[in-house]
Amino acid sequence: MQKSDLLDNKTLNWREKLHEVIYEADTSAGRLFDIALLFAILASIILVMLESVESFDNKHHNFLYVSEWVITIFFSIEYILRIISIKKPTKYIFSFYGIIDLLSTIPMYLTFFFVGTHSSLIALRALRLLRVFRILKVSRYIGESNQLIKALNASKAKIGVFLYFVLIICIILGSVMYFIEGAENGFTSIPRSIYWSIVTLTTVGYGDIAPQTALGQFIASITVIIGYAIIAIPTGIVSSEMTKKKVHLNTQSCPNCSYEGHKDDAEFCYHCGTKLN
Amino acid sequence: MQKSDLLDNKTLNWREKLHEVIYEADTSAGRLFDIALLFAILASIILVMLESVESFDNKHHNFLYVSEWVITIFFSIEYILRIISIKKPTKYIFSFYGIIDLLSTIPMYLTFFFVGTHSSLIALRALRLLRVFRILKVSRYIGESNQLIKALNASKAKIGVFLYFVLIICIILGSVMYFIEGAENGFTSIPRSIYWSIVTLTTVGYGDIAPQTALGQFIASITVIIGYAIIAIPTGIVSSEMTKKKVHLNTQSCPNCSYEGHKDDAEFCYHCGTKLN
Amino acid sequence: MQKSDLLDNKTLNWREKLHEVIYEADTSAGRLFDIALLFAILASIILVMLESVESFDNKHHNFLYVSEWVITIFFSIEYILRIISIKKPTKYIFSFYGIIDLLSTIPMYLTFFFVGTHSSLIALRALRLLRVFRILKVSRYIGESNQLIKALNASKAKIGVFLYFVLIICIILGSVMYFIEGAENGFTSIPRSIYWSIVTLTTVGYGDIAPQTALGQFIASITVIIGYAIIAIPTGIVSSEMTKKKVHLNTQSCPNCSYEGHKDDAEFCYHCGTKLN
Amino acid sequence: MQKSDLLDNKTLNWREKLHEVIYEADTSAGRLFDIALLFAILASIILVMLESVESFDNKHHNFLYVSEWVITIFFSIEYILRIISIKKPTKYIFSFYGIIDLLSTIPMYLTFFFVGTHSSLIALRALRLLRVFRILKVSRYIGESNQLIKALNASKAKIGVFLYFVLIICIILGSVMYFIEGAENGFTSIPRSIYWSIVTLTTVGYGDIAPQTALGQFIASITVIIGYAIIAIPTGIVSSEMTKKKVHLNTQSCPNCSYEGHKDDAEFCYHCGTKLN
């Protein structure tokens, strides 16, 4: 590419040049743009965090407010440039990253019209962290994560059923504990009891609500032991799913001896030596 | 079915029609009934929850009370219809879902005779959530869950032994901690100490009871490390169980001795030595 | 056996009869003895627990005290009978169960000489629960648990190394947190900080000690994420160990084609059909 | 070696003798040195811990202070001897253990110049525990741990991506909870909320911060269930990684194309079709 873009530089109109800088990273300008973007994203996240630390906000409120606007404008410009520099703007606007870019940029503007909304929407900025993947061009990692996603997709149904059962157990358990412990022990309502049973069964165990009665503690004990035993299930599902991936040989059978189970990169039958087609 | 039920419509007596609506979902009426049922179940669960939220109950007590009765009557009618519309009522009444339907319907009626019982039994309604499976006709999911159940059945004994050992450890540990920490540190009795040791070993750790003495904390540390190491066991059991499924041997049976479970690349029966075709 | 013991009954001297009743379960008397023993064990455990529940102890102290003695005497007699009824008493006395029987019987007697010791030793009774295995003749379960033990033995070294590293991490982490948080935030000493880091890394998290400073919370966050990632390791070890067991075919090779990897119950080579010897 | 060092004893100059004692363990002197070192290391760790226990420190401050110096001097001498006894000192000084030795020795000396620094650096001593590996010459264990490290390296990328996603989830979740719960419920800032969400998602759950609002508890419930489901992922990754090792293909290489990784029962090279012998 490097070479070609030296040749074509004259012929390229400004939009094509812009597209290359923003959407590609194989020109020095493109790389520079990506690095700038990377820092801008991290900066925007850190800003939101600092802003929420009262002691810090009080000291440097103005600095934070200004930087907020600087970053917002930077991302706004980037957003606009992305739209005008691409041939089919809609293709970008409705793409995954296009939506993220929009959502993570508008909050500041909303603060004009609706005071207070800003802070509660600002969290959307965290979504920008996903961009880091694309910027770092971590195709290898993406590959890895795709493999993860595949494994999860494959075991989606199983895990869904599992979680559904867990939920039913939690609802029943929560209701039961509500009537055993009652409001005086913190189980003030069934939803709250369900919250407790979920927190317990998943072995999180905050302790903000904990059974006080002997019977309640007995049931809790059984619950956690069940939880301890069934925590194995989703792990088992995913493990087996991922193990299968590792073990799985392709399904083509040898034209001569019709042997199956050849390695994915096999070119000859491991049994009779016939060329595989 | 659609077609046949257009033809037979005249010949079908009311009971057969009813059976088709209630027990099957391939007529528009049947589908409608299922959807109604689905909403009724969810409504009934949500009602119980809202009722337990005091603030809400105070505001809309009458509304909740009335809706309770509406739903209860709806399920009562459904229950009766199911009985009269089936050929062998006992077959339904003593079926898994038949019992659930009964248990989840009676509580309201009991409130007439025994005040207060209602609330404590109402939890049974959560059982109705299991119906959702049948209504959504999620045979695929059921299949998945069956696979889970199979894997769990296969490793039932192993997990049983494991949990039995865990329980013994917890009892011994609980007793020891009771004598080390004593009542002044919250370990007021051995059962309570066992409750603590279970909560600890399963890594739930509420913190409502926590060792205060140096020795107690030392033993607790060892305990949690043990728990951390052995949490691997049930997972290992289920994982291996589910992985085994993946590695499973082929299903062809020997033409001579009809033995099954040959290796995928077996050419001769491992039992009688007959050539496998 | 049933039959033979009808025949030999006369010829059997009292000791042989006794041995059969106590050590075997294939005579009605033997079965009866085992069931009695089973209940005695459970009773003794429940007694210890009830005793520790102050409210209950106050009410029924005498009853508990008497039953304690009844049970202790019962086990003492059993212990003596086991010794006199066996040919080589030492063989029983120094056997695993022989030691358990002794340890779980003496505490009550010690209360004569040393007041208070009783309660702290009584915990040893829980060991008797292991007897239940033998009484229930759960050879199948024993088999299962042996398999577990085998898997654990196989991965003993790995898990040992893993736990050693975890311990080092905990010690370093504990020391660091001690200097960051300091006594005012509950990290009163390094051992106590190590206790905290162990409780944290194993995801138990009582919350009796929790970081208060920003830096402390930052380190804690990293710690738990590490813990979250490495919790996979022991599981992975055991899973792979148990999976290996499942997959592993025996190592004998066919005398004819010297093929290996036959199923454990293979009688003929799956490749050439030769009889395996 | 034993024999040779009897022969060469005369010819060996003092430095070579020293090298043998310090760096090797096959002479009685070398073994003795190793054992002494082992105890010194454990002693130094225990000292640091005791020192931090105020009650103990007050009683035996002088004893602790003196022993500190004794140990420090012992390690200083060892460090110097290691340098002078080796041919290429730099090779040792910049080796992993060389750096550990230095870091774990200097703190005491620093206390001369900078008061207080000592205690905060003393934690570095824990690093010496790593030496135990080398002293115990646990090549077997090292082997095991290497296998662990290999498995972890193999799944490093996967786990990295996984942790990165977890982090993003935690940041988004933390921000959301900050705006839902607010400072009055302990979520005083976004970083602190993120700390909470990490502690929650990893199922540690201290409970020092816990959602109070209904909505907050609802989100927390969903969070922990997600955490419960995804805890399976790293385990799955490592399990499959380690299982893969077990299922590994044989190591024979093709005589023709020297390709490796043939199935154990392969008779022909899957790449070039040559008969494998």
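Every chain is named by a letter (A, B, C and D) in the order it is written, and numbering of its residues begins at 1.
Criterion: a contact is a pair of C-beta atoms (placed from the backbone, for glycine too) under 8 Å apart; a residue touches a chain by one contact, two chains touch by 3 or more.
To keep track of the chains, here are their UniProt names: A, B, C, D = Ion transporter.
Because the structure is predicted, anything quoted here is derived from the model rather than measured.
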Given chain B (Ion transporter) and chain C (Ion transporter), the chains that contact each of them: A, D
Interface residue overlap between copies chain C (Ion transporter) and chain D (Ion transporter), same or different (over half shared): different
Of A-B and B-D, pair with higher C-beta contact tally: A-B
Between chain C (Ion transporter) and chain A (Ion transporter), distance of the C-alpha-averaged centres to the nearest whole Å: 42
Euclidean distance of C-alpha centroids - chain A (Ion transporter) vs chain B (Ion transporter), Å: 30
Whole-Å separation of chain centres (CA-atom averages), chain B (Ion transporter) against chain D (Ion transporter): 42
Residues within chain B (Ion transporter) bordering two or more other chains: 162, 167, 191, 194, 203-207, 231, 235-237, 239, 243, 247, 265
Contact graph of the chains (line, ring, star, complete, other): complete
Complex interface listing, chain B (Ion transporter) residues touching chain C (Ion transporter): 157-158, 160-162, 165, 167-168, 171-172, 175-176, 178-179, 183, 188-191, 193-194, 200, 203-207, 210, 214, 217-218, 220-221, 224-225, 227-229, 231-233, 235-237, 239-240, 243-244, 247, 249, 261-263, 265-275
Interfacial residue positions of chain D (Ion transporter) with respect to chain C (Ion transporter) in the complex: 45, 48-49, 51-54, 119-120, 122-123, 126-127, 129-130, 140-141, 144-145, 147-148, 151-152, 159, 162-163, 166-167, 191-192, 194-195, 198-199, 201-208, 231, 234-239, 241-243, 245-247, 264-265
In the complex, chain C (Ion transporter) residues that touch chain A (Ion transporter): 203, 205-207, 235, 239, 243
